[in-house]
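In what follows, structures are represented as structure tokens.
You will see two complexes here that share subunit A, one where it goes with subunit B and one where it goes with subunit C.
Up next, the complex of A and B:
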């Protein structure tokens, strides 16, 4: 407050300059119940009579529910029993966690050979390790790592999980996955501890290094891995033995990996000026979006055998995966189309003015911006796909839900429903909830960058 | 300087071959691309058709829709239109369509009601209610629908007591046991049609009252209340007609006969499980749509309405809700479409919907995979195209109002 201002204020209040020095009174307390936890409760829980009644009713319901869950699920529960009868004898009113406990490995791996389960674990850990650099802000080389993961990880794991005699072709193809993984890990370690990616380090040591010589290095690594890898042969594990969360991840993973590129192609096709291409894409997208997934799955199981030449058979899992991929691609196409539509026309016109053709406009100008806008929608689409994979249980595959169903029909545990289904629900919930939180986080992060 | 030599060096001069000029012409490129795609599609189609015909001949399978008029020979647990095992496959298809639409329509009604309640509860100023609604939405949205259907079916409806110890609700008007849900049925008598006409006439009159009231409001600014008139023609008049024609309605109460309840309307446990699962699952999505819709209306709108002196209730009714509905209705309708599609999960708990009856039972009995898959998909496509057609009409109307 400036001096002149305070003088006029004082004059207005009838206070002269000669009066006693101004002594402010101590601040008064806020009116009752406007700050503090009690006030918060008054405002947010007991604002009106109706609110109070509703709050009390809700609180009572929550209390009873929690008390029931605690006594049933924890206090009275049974963790050690060989079958349901034993559970009932020990504690008739409590949860029988012994069932899901004994079946835990089946829930995760299905009937995958016990001695070979390490292969599933290895595949999972490779996936996690490969994804680490994508989430670390210190790592600068992300795009090649992501591309390597998407393109070569399935090659490596398809042999790892299935096994059998691999021949020269599969040796080389699956070795590419291993080579790319090793490359990504070397890069990760160098970036974490030396602060620079492999390419930069080599440049410092030997001067300018072209992309070609880096590629040659990768080729040499690939060749070396192929030679070592050719000596390894894994036991065959047929897909009928695959099951549990493992199959859920395989179906969802392949569906997601396929859906994004296919969706981009379909969405571009739908916006194409060429009538034939547009019609083909529109028909594909609309057909698969308007029918339920289960009809597509039934179609794959009943009709695909009719399309194949003699002697060629697709197993059930592969047929289900094809159906899920087609279905997911159609949905992803609409997400991508939404993203493309949000790019203003000026961007296209500016690109055209720069002399860029269709492919370079799309690849360099439009797609990078559109994909960034789409990320939250893409993730929520992935959540839907992850939940939809449960439908493969209907056509007789044993994914996590199918395995849970099998357990509640097994002779030892027949009729045990709540506990295994609760377990499965928890697994799905954790997966979907984490993804949706991550989507929201990304949405916030990306939207602040736009401001 | 316009020498001919210089002209020959420009990009469009004769030095470039005719071929390279054609190759960079976007029109010709487009034609070539389409020709390639077209050829590939034709080749793939030819391969698929010939391979399928070959495979079917080898397995001795026949094609055609003649099976639609042959006897189906199996019984169906739940049907709304008359059906006997001696009926045809065509009839089975109809039963499936009606069953699918039946469960979908009821689920749509309940999911809308419940979803709106939950969506508004999420915005409640009561912290506990908002938190409860938010947890409900998160838990339901993040677990697969199929799992929820199984839990309702195996965990609730098959564990209900047998008919002898059934729950009799509201003095036996409704009965619930592990064989299903039974409700007292109203059986219309001979003269009931007169009451029906009275109800329709009442609806028409109410509609006219409403138009007249609106016209008056727009002309004079007065908003006349027509509630009493509407009540008279909608309730009092049909009731009077009903009594005068001798109350032609009898009640059929479900009663325990032998091993099960008989009489009244009955639905089996799979129907209940499917209905509740669809309602709960979709209501969580609708709740989010409603919340987002209400939040999309700017706070300034509410403040402006309040500062004009509108009371809170009319602010909501006249300012907030009409604007929110514009954001709510399009995604709401696509949720309705999802209900129709998701009702196909009925096949997992043996509710006889279209997919269960047609794609599973009939396909196993009659073979004819291609015809059956095609007709099923056609049905869903017709439903979804007509719903999205309605949505487009709505969007056009809303857009016209806006500009």
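Up next, the complex of A and C:
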């Protein structure tokens, strides 16, 4: 009560006094060292004596490390030498980058025939070009392009990389990949420069154009490509020669593309009400999850040939890829199941109330929500798989790590270990970091609620 | 649906892969000739014996014997696909038919020859376990190693030989074991142990990568017998003969003074009946092997004789630097053990 009194008193006084214009004093500077980088340092690094000591010790350690790294890796390093002895003579204490430099192409292509390396490059560029429409927001036709990429790109590249006689069947099958690629590129160009995909343009010109006639157009393209393609024959490059980053990408790429769909199927199977399907899925998942990947790989490489009839051999790389795929699918199934379980029951009930059956409920209501929730887990699974592919080095495939190890055992470079391993670490870091950034981007793009 | 396509994609990789069933009664020779290339098993790269060069090709002492067999059987030493597997699965991988022969510093022992369904053909290199010490230590004989700390790779026969040797000599030692050879070398160079033990060929090649190899010496004693040579599957004697006599052809060629440079001249002009028989100018030594009469000529022309191969990959001019003169790997005429039965 007394407060109210005093306030009214002051108000009265104010009214009676001659009102001076209100001139706020200029704000005083904050007391020294409370803002700015110096203040931040004082607060975070030198707050107490103990902090100061720890800071100084850490700074010294970091300085020494960086100085050592810079002198070893840059200042004293050798970039030009024919063998390790020459490196040692030039600079005994520095890094010998000449080795990884000379072996760079081998790290990328492995033992792939030197004259045929363009095929790997071509395969890579086709992949990148095919992925461009998926990342451009201006392009509207995304789903068919993605499906074409996942389903037909392997058909085309498996011949491109392996080569040999194709026969009629493989000519036609691999030509489908080329036809789909050309189709995707035509669509991309039309969308970029004409603003509409092929289907829409045709619709404008000739009136209604049905899905069927578009398929006919693709079929004609496919037939044309097959005829041209049948005249091309590439030299055989057997898979024992595939190596380096190329093989890492092949194994990881196929593993990743296979794992997600197979994982979804397995996870749905595990939640199925049909006992047979459920039991098969549970057994598969549990068996593959309870053994290490290296065991599966060893089984695939040494045991499988023993079960095959004598004289029948089965490509080693393919066996490793199948092993990686099955293993990755089992892990992915559990990630997907985790996502499915986080969907509240109300969603199922609401879907049922709208009269949706099992497939529509799953495809339209449950999966889209669950997949969005699972993105971080799925991507960390992919990253794990990408790194796990190094295990194929143990069964004698020369992936990136295998090539790095081969280099330190080559007569000219015996014992050169640190530099090639650092190179491999850098490549793996770039790959994994890019994937994790992409996951973040996807999460931001898809998160429509809970902001 | 999607699964089906992915399986198809995987099958796409297998296309043309060697999935053709072969009749059971076909000999290895027939299979290799039909296939058009040979599968040779080597190990994970090992300097001098089997390693990758900067063009992605396999080369080395053991690789050369595979190339010799390919030259004899197919007339082209490049018609080989190399399988590189870890030493744990090497015998399985030969027995299950993935490789036609194995040539990868594998020691010929009674157990391996008699119990694994494999046949050792002959010896291409006599190795043995030894010790590497720094010259500063002043040690000149392994008898002076009592109480030494010994660096050794774990899980190998090297480790067993080591303890056998010290026990039989009544000496003590402190083992310092490693999984990885590069870590072992680093420890040894920093003085973490007094001695490094391994097969002498391995010691020589590792020493070549030391900052100053001249400061280290390999002690004269050899504490184990390690005869290394190519291995084939049991049950196909013809194929075993081909591998064995391919090596013998290289040894005999060196003994008779035939090398890759003068082989054409020798074939045309030599009057020595053994040279003529070896090079197919007369006689029919090739018929028993099922090869053409220029098989040995091809080996020497395309790969070289034993001495050439040795000097090219592990001799004193290479970084591996294992001196041949005076060792067991000299020709028998020079006091070594490299000896071939006669070509008659």
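A few comments on the model shown:
Here is the rule we go by: the second predicted complex is superposed on the first by the 422 of 451 C-alpha atoms of A that agree within 3 Å, B and C clash if a C-alpha of one lies under 4 Å from a C-alpha of the other, contacts with A are read in each partner's own complex, and residues count from 1 in each chain.
Note that a residue touches a chain if its C-beta (ideal position, glycine included) is under 8 Å from a C-beta of that chain, and two chains touch if they have at least 3 such contacts.
Every value quoted in this text rests on a predicted model; they were computed, and no experiment measured them.
If you put the two complexes together on subunit A, you find that subunit B and subunit C bump into each other. Ranking subunit B and subunit C by residues of subunit A touched puts C first. In the superposition on chain A, contact of A:139 is made with neither subunit B nor subunit C. In the overlay built on the shared chain, the residue A:238 is in contact with subunit C alone; subunit B does not reach it.
Of the two partner chains placed around the shared chain by superposition, subunit B and subunit C are both touched by A:408.
Of the two partner chains placed by superposition, only subunit B is touched by A:51; subunit C is not. In the superposition on chain A, A:424 contacts subunit B only, with no contact to subunit C.
In the superposition on chain A, A:158 makes contact with subunit C only, while subunit B stays out of contact range.
Legend: residue contacts after superposition of the two complexes on their common chain; A:277 is shown touching subunit B, with no touch to subunit C. Using the contact criterion defined above for the overlaid structures, shared-chain residue A:379 touches neither subunit B nor subunit C, since it reaches no partner.
Using the contact criterion defined above for the overlaid structures, shared-chain residue A:295 touches subunit B, although it does not reach subunit C. It is stretch 257-265 of subunit B, out of 23-31, 95-103, 221-229 or 257-265, that runs into subunit C when the two complexes are superposed. The intersection of subunit A residues touching subunit B with those touching subunit C, taken from the two complexes, comprises 298, 302, 305-306, 309-310, 394, 405, 408, 417.
Contact residues on subunit A toward subunit B in their complex (touch as defined above): 43-45, 47, 51, 54-55, 58-59, 62, 273-277, 280, 286-287, 289-292, 294-295, 298-299, 302-303, 305-310, 383, 387-388, 390-391, 393-394, 401, 405, 408, 417-418, 421, 424-425, 428-429, 432-433, 436. By the touch rule above, subunit C contacts subunit A in their complex via residues 2-3, 5-6, 8-10, 12-24, 26, 31, 44-48, 51-57, 60, 81-86, 89, 92-93, 96-98, 182, 185, 205-206, 208-209, 211, 313, 318-320.
Remark: subunit B residues 30, 33-34, 37-38, 41, 48, 51-52, 55-56, 58, 125-129, 132, 138-139, 141-147, 150-151, 154-155, 341-342, 344-345, 347-348, 355, 359-360, 363, 369-370, 373, 376-377, 380-381, 383-385 touch subunit A in the complex. Those residues of subunit A that touch subunit C in the complex are listed here as 83-85, 88, 92, 102-103, 106, 109-112, 114, 150-151, 154-155, 158-159, 162, 164-166, 170, 173-174, 236, 238-241, 243, 254, 257-258, 261-262, 265, 298, 301-302, 305-306, 309-318, 321-322, 325, 394-396, 398, 403, 405-412, 414-417.
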